[in-house]
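Note that the chains take the letters A, B and C in the order they are written out, and that residue 1 is the start of every chain.
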């Protein structure tokens, strides 16, 4: 049975919910957002990912209305929202610090936004009850924020920002204050709630694993610009720049010059006196063009003997072994001094380790294992 | 709109009741005494041209020529400086003891230091009158122990003024020093002793320099108000105790010479600007260090 | 660290004796039967009785309390506004002058403040009385309130206000519903500070009070200029007692609520 894949960004007819059009934001002489254009669609779980200071928080604050763009326009459902103050926007925000009102109970925190709309009492009670149920906080309605745990506070903040049923929910590092275990569980809870309510979520995070787990699409940002917008799979498997490849996960970068050797196949001259590496690429390269082959460690196999029937095989010497429990990473020095990392899964318990320091080994990978990137 | 009201109301209040009055003091300090109400000329009713023409520095020349005022300024500076140093010597051991006290005592000790600050200043000065007088408790005690054969004259001398200032301003000196010492990492002293310092050397080379900011802040907090003090010299000091706050008061209330009183105020303020600016700088520097 | 050396014990004992002995002596001798203040002639509450029959003191006390309540309330409103402007107001014309006018009265000698305000009141023809004292006290104590409140606002998590705006509050509602309730303890201590400053003030009140209104400190001052009197001792004792009970109660209440909050936080962490 064919399942419809949620991918409105691939439908040309689909209208985006949010549209950044050539938005620039400057603080004095510092450019926080540099001529940025981006579409976000309804029901998306969109992640803005980048190191601190890359402009992701500024984008979120512009959506909430706490900052105005210096140039360009931001549209929400087709309308420019520049003139709409934060308290009139159909956008709510979950703050990094949660910003729970310490003097109000959990119930009153959730009801706070609804009371501003002057909802009738019964209506308000129903909505708050619904939110308490959604976030499993029914038992804590009468408590004050300091009387509940960190994870519960996080859920109150979520319930409060969802209570007004905003068109768009902004989440600023929503899981940053939780410990690692709780964070994982909460990620799935967040996805579940997003699906149940059908709200568009925009999440800001510096944690790539979190972005990859929750998001339908991820925008990788750096210095006020978007480097790539794509689904988590594509971001990981098909990064379109060295920056993105390097930022997400671990990667080996082998630099060289490309030479076409067939249909979407290139040979990469990477080291004097070594066999060129073979790589497949949909992106065209001119002969002699400098290029980088980005290769994930888990796609590099390690052998004791020279493997046959494989396009790329390089001999090297093991420098270091990092045992991570589920995985082991081998650092292998290849001719020319570069170190290539190869990862193997430890599928068997207490197996005898096949390789050790100073062993001479062979590394191999297929032509489609790596991504060929321009300068 | 809301923002405008928010700014305008306190702003207008301070302009009208702080800045304008001060401008008036300045203006009157340049006026002449008159036997009228108000007892000075010119007033604005005389027209702007006459108004400005009639202003002069006569009062200031008078202050400079009469050595009563010179002496009063100098003696205020001297009394304020001496009492600041005395307060420092009394306050430091107390602040040090507080910072070394067990953690659970400290809030109580803090409260004991702050409590006098909430009780009336006037009453605290008054309390010393009964202690320092000829037949007061101090003399009774000294005679009883046989330390002195004759009662000492302390009340109505500068010594009483020093005691009064030290006593009333002590909390202002203790608190900043305590705050500095409380933040001091105890392992620094241990490190110094480990590196061969004696107890005293460690105190002198580590504790004192690291509490410097507290000492400076406390000294200004005592020196600045002590300089313009009125209540203490008039209750505890004698007729020969010259302090500028008292002189200003007497010029105004007893001699009814408003222009001279105003000129005295202007000069007192000029003298105060130096320590105030230094104090502000010190506070700013400390805030930057903390950030 | 927790071991006190003999030196520290001695300096703490002597220090606190110095701070409290004068007041203790004053309190003891307020119960002295004798007119002579330094000779003990047996226990008596005679001076308290005399004090309660002294109309002039009672009138002055009433004026003082009236002035203190009015000026501290006004000062709290103005000082809180000023603190909000200083911390949250952003840039505006004359901001430097504004912050200067907030901090200057804190270090201004009282004789100058008093003199300048008196000259203003005479200049505009305002009769000296309760109103002029209230205006004067409000002016200098609003600066103290604004320092207390602004130091609280500086540590206030700004995202709380943003959250209120985000949930649909106007700027004023955000202040009324979120900021004010949270900074309330600082506002209350600002009020208390302004109240005691007004109760205590002698110098500024002397300049700005007229024959129509005399405050208690002015009365006390003119009485003690003539020397120590047992009646003043009794009055001082009452004032010290009120302040001590007030301060100790306030600190116990705040300590208890802090302990309770910590306990609840610890309990919440375990669930």
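Simple rule for what comes next: contacts are C-beta pairs under 8 Å (C-beta built on N, C-alpha and C of every residue); 3 or more make two chains touch, one makes a residue touch a chain.
Since we're looking at a predicted model, the values are computed, not measured.
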Inset, instruction - Could you tell me which chain lies farthest from chain C when each chain's centre is the average position of its Cα atoms? - result: A
Legend entry - Central chain (by mean CA position): C
Legend entry - Pair with more cross-chain C-beta pairs in contact, given A-C and B-C: B-C
Inset, instruction - Go ahead and note the Å separation of the Cα centroids belonging to chain A and chain B. - result: 61
Legend entry - Whole-Å separation of chain centres (CA-atom averages), chain A against chain C: 55
Legend entry - For chain B paired with chain C, centre-to-centre distance based on mean C-alpha positions, whole Å: 18
Inset, instruction - In the complex, go through chain C and note every residue touching chain A. - result: 157, 159-160, 162-170, 173, 177-178, 181-182, 261, 264-265, 267-271
Legend entry - chain C to chain B touching residues, read off their complex: 1-2, 4-5, 7-9, 11-12, 15-16, 18-20, 22-23, 25-26, 29, 37-38, 78-79, 81-82, 84-85, 89, 92, 94, 98, 101-105, 107-112, 115-117, 119-120, 122-123, 135-136, 138-139, 142, 146, 171-172, 196, 199-200, 202-203, 207, 217, 220-221, 224-225, 227-228, 232-233, 236, 239-240, 243-244, 246-248, 251, 255
Inset, instruction - Give every residue of chain A touching chain C within the complex, in rising order. - result: 64-66, 85-88, 91-93, 95-97, 99, 101-103, 112-113, 116-117, 143-144, 146-150, 152, 160-161, 164
Legend entry - Contacting residues of chain B [partner chain C, same complex]: 2-3, 6-7, 9-11, 13-15, 17-22, 24-25, 28, 38, 90, 93-94, 96-98, 100-103, 107, 109, 111-116, 118-124, 126-131, 133, 135-137, 140, 167, 170, 186, 224-225, 227-231, 234-235, 245, 248-249, 252, 258, 261-262, 265, 268-269, 272, 276, 279-280
